[in-house]
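Note that chain A is present in both complexes that follow, paired respectively with chain B and with chain C.
Let's look at the complex of A and B:
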């Protein structure tokens, strides 16, 4: 099966679809649960995948290790929440005085909640980093609707600018150091920002010039019909309407009780909005002639990947409405208790590592 | 194939035209070298060929241009990309994707070619440039020469009729440059492509070109014609050409092979010089004493990640001496310089300055006594004026500007009139000197320069050479990392050749060039059994 119908297939290429499915699955799990035991397992798996892939790709040389990054983020989130949120019954210490936000009780519950948030944040970062390690930029573009290919290329370049900007920052810091510049205070960082900005602009212009010279966007494409573009907006609006009662469950009362009821019960709004949106994208893309250099084949290992993420995700979905509901939606407030740990869920989370079977083909 | 008729172009907000009154005709299949000093308009002219000027740059253009029957002024750069392949000076700036095959296919996807055709063309270009085995590799893992080959492949894959190269070898060592030039030559021969290439180091390209188009700074029009004709009219030429012009060798030899016959005749007629070198010691060399090195490096080892980049490097640097460090790309030359100013921590070994170890000192402190100019001077310059750059360095080091006169240094560097100019608006050579002003204002006793002549024309190089000689005579120690063997021949007192992270040999330039012909200057290769390395030496010995 070819992912995009292209006639040219590369069996050696990693198919981006299983990896993106895996990413979506991890993101869903990270956003569903606040059980720090499960989160620990997820973050541990992500760390292991990061380390293995970093070795395979020789990436992260000289940069911070994934484990250290996890610890740093978790620590920062814990300290921040502990100092600014004073809820909870297990008092550890008290900050005296009238310092805004800071004064008050420091509680174990705030510490645990902060730690949980830190793990979610580091999990998000690591999962994106894993995708960055495995998939080349072009693979991402394969997944973007054809109608928006040019925009996607620019977005992809913007993403790849982050590592090169970091490298540039390193060069500029060194260049200023050899002129005697020292980083002692926050204000000492300011002289580095201007050259970084200037060199960033210069690089952007050079790349834009090179892309123009290489014929980027040289193929004139027919513009999409107005109806298709209108449908895109309508689909988006309906989806947002479906999301509103979920995001602001109480503040939707102003629309009246009956209307609120409709909104609240209207999962179909989400589905309909999503369908209109996707159809519009497909329709607009069908007018665009954009053959791709490479397509991707599906192998048994791609299905393994889907299975690897499908198993823990299914168990999460079952538990979300079942008897283990409390174990997923754990909340340390008002009094800290060890969260419930379901062995089956815990074991299924190790399935996240299953994605590694799909790296041996060709990690770029 | 390419025709310019009375073309003039002025950049936005510029007072003078960048190019003026250009009349030029380049027939199909010709290999043309575009020469001229920095700022004479070479890059502008190249960009006119594919329409980047004026479409991308803005500005006012006059006259008419035709390339393969199309007017770039009407069609614009996107349409011109079908007929003109463009390879930029720094290949890194033109890569969009991170892997070889993906990046080469980028242009084809933009053309919306059928997938089968894309595959056919990518395979063709991979074979042509011998990149097949690297097709899946990340570009970040490539050497400079390999990257340039990928950039050429990316330009070539759309089957253009014209290939334009903007200083393609300026960042490469001699071996990689030769490989890239051979690749270009192969394309020219096999595909009968029209090639327009700009280059400062003419000696690398002259043997291959059919014609030279020379732009004179501030002068309208071009000098165009066969290489021998044009070279006679140019002041700043490669050493071989200077020698041949002085000795009136006719026809003017463009390559060493062509010059060898003349050299043999001259040799049998007059002289035969024995080794060792008869080169007179420079004034600075008189100051050199084996007992008083200003810096000592003992058994230095540097690891980057798991790679052992420097291996047991021992070196002494003397006051009043110019030491050149040469070697292929990636052998650790820059790492060595970075270690000397504390930017790279050694794994083992010791570095001393005036007998005191620098280990543990902040690089900012070390750089008060050791001036270090990195490869890219742009990273240093961001103040509003050249003078402000110097004052900032003094402020960083908490030094009084009254004790360190800035004007004297600017005068010495020849940029006093530019003291209030915005550094990033300066030409390449002026910017290089502005960066030197920013690091030398503390009057360091040791000066480390990483590729100081990269991208500079012969005139700028001459000015820098005079500057370096002045520092040597003033008793400063100068260490130059360079690929420019002509610079080494001209100015170095001692040469250290690095191979695989270690110093393979240290000797006078003539000796190193005799034993390692790949790093020999043109004159050294022309007279292999002598100690001559520059045209001036050869001429003065012949006069004797």
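Let's look at the complex of A and C:
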């Protein structure tokens, strides 16, 4: 499955932020729930979006269609789990003999668990595939925070040079073929690899000289304030502190009641750590000027993305601590039971399709 | 260290109070937490590394090398090669070996990032891949220390050492990359996390999981890495060393007071070579 640059012929004006918000929301939902009924709905919606977007963007056919990929991953995960995990009470069959890790009961619970894993993995693949279909590569670069301008420059150079590097590879290959070179052994790749590398290094030298001649990095970069640099570390430390009660739940009981308190507050520590980290990055990048060849505007349609993910995500968040808690955190072991299905949650998941409104704009 | 903690956190979480009946579906430490921590660590590391590499020469060199490496990965995807073989580690290891740990880390992490952008390989696995590939490049100078101390530069032993190192990373890369899925996606079985047996049991079950699902795949990567380093390592190393010398020039900006005796302390603009 590959987008193969299909994104570049579409969505020149699409704002990447709502799409990334949508992606994060889908990832959170896929991470939260283990209810295969909800997962089925999510994966179904993602498949529909993939099919419609592939037609809209005229995406080049990949090795495998999204639907086939979903079926393949789910099947593989189910079979693998069924054969290797013998836990569960509903026995479907038995593999006789003493085959290591294979012999034993084949259970319905293992099948369901494997199927659930397969759907989560397919959901992950599909959600990123959708983003790759919609957003051009430059939109990803625009998302790089200003504090990482050097890395963005490197990535921009690399992305710009890839087509010419590939072209150069073909030219070298043609030139070597004319000289009678044939690819028979591994060592025959050397006459192709070395000119490619050397010409690339020469270009790097020329580029470095050109960049310097045009004044790139000629001005002394203000060094980051110690406080801002320290804030990055503090943000990370707070995040780790927030995760400690999750990593060592019982080991933290030595602090008695306060451990429970910390545990309850750990989500806030995670958020606070992340915010401190992000603020420090923002501050350190605030003095860097970013030229924009093509700016993005926030339109009403962009709110569709936010709504499309906001609605199901809010219901998931409500249920995570409410009466339908069990329906989200479903576990087929030890005895399989049909998971609880909340109609409201099910209907809200169909809202994921709302992002398609955002893609119906004209290609610039 | 933070990256290691993120990857090992699920193990620690299960060992310290995780309940077997809950571990499959209701674990306190989810893949989301792992991704969050790993992402922050990667951002911090990348920020620190790029802060120390603002030289336009290094940026250009890194950009072009990442482009070459991403092209190699693109070819790897276009021409299916059995197993986990990927030609990208060849350049990551050699550039890390020649240009140092920071360069190696950035080369590894950015190769994975850029190639994922162009091949549609962006996913939740990407921060882990970037971090691990960065570690591959960052650890390559360890070989350089050994080679320098034993004065083996340019010898066959240097190539053997690098080939062995790349072969080892071929296996370790796969073993590390499994860590973000194994604790969360494997149902109770001989290969899943056995929290009641302690560390030994945990390592044994992971080893079994690795042997069953990944070893053959990773052996192909390991053998491919060794073959590439053995066949092409020497000429590529020579080219990288030569370029390293050519890249050691400094642009002196207008108005800079030059201490160098050749300029007699005058204000000037020019190019100064650092090559001795």
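Just so we're on the same page, the second predicted complex is superposed on the first by the 245 of 364 C-alpha atoms of A that agree within 3 Å, B and C clash if a C-alpha of one lies under 4 Å from a C-alpha of the other, contacts with A are read in each partner's own complex, and residues count from 1 in each chain.
The criterion applied here is as follows: contacts are C-beta pairs under 8 Å (C-beta built on N, C-alpha and C of every residue); 3 or more make two chains touch, one makes a residue touch a chain.
Note that the coordinates shown come from a computational prediction; the quantities given were computed from them, not determined experimentally.
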item	value
Touching partner for A:81 - first (chain B), second (chain C), both, neither	second
Greater chain A contact set [chain C / chain B]	C
First, second, both or neither for A:203, with chain B first and chain C second	both
First, second, both or neither for A:290, with chain B first and chain C second	first
Which superposed partner A:178 touches (first chain B, second chain C, both, neither)	first
Touching partner for A:47 - first (chain B), second (chain C), both, neither	neither
Partner chain(s) touched by A:195 [first = chain B, second = chain C, both, neither]	first
Chain B versus chain C as contact partner of A:132, first or second or both or neither	second
Contacts on chain A seen with chain B and repeated with chain C across the two complexes	137, 153, 157, 160, 194, 198, 203, 207-208, 211-212, 216-218
Chain B partner contacts - residues on chain A that touch it in the complex	6-8, 12, 58, 61-62, 136-138, 153, 157, 160, 171-172, 174-182, 191, 194-195, 198-199, 202-203, 206-219, 289-295, 362, 364
Touch list for chain C against partner chain A, complex	2, 5, 9, 12-13, 16-18, 21-22, 24-26, 28-33, 36-37, 40-41, 43-44, 46-47, 50-51, 53-57, 59-68, 70-71, 74-75, 77, 106, 110, 113-114, 117-120, 122-124, 185-192, 208, 212, 227, 231-232, 235-236, 239-240, 243, 246-247, 251, 253
Complex interface listing, chain A residues touching chain C	1-5, 27-28, 31-32, 34, 77, 81, 84-87, 101, 110, 113-114, 117, 120-121, 124-125, 128-129, 131-132, 137, 140, 147-148, 150-151, 153-162, 165-166, 169, 186-187, 189-190, 193-194, 196-198, 200-201, 203-205, 207-208, 211-212, 216-218, 221, 224, 232-233, 235-236, 239-240, 243, 246-251, 270, 273-274, 277, 281, 329-331, 333-334
Complex contacts: residues of chain B adjacent to chain A	50, 52, 55-56, 77-79, 81-82, 84, 86, 88, 90, 93-94, 96-99, 102, 105-116, 118-119, 122, 136, 138, 141, 154-155, 158, 304-305, 341, 343, 362-364, 367-368, 372, 374, 376, 378-382, 392-393, 396-397, 424, 438-439, 442
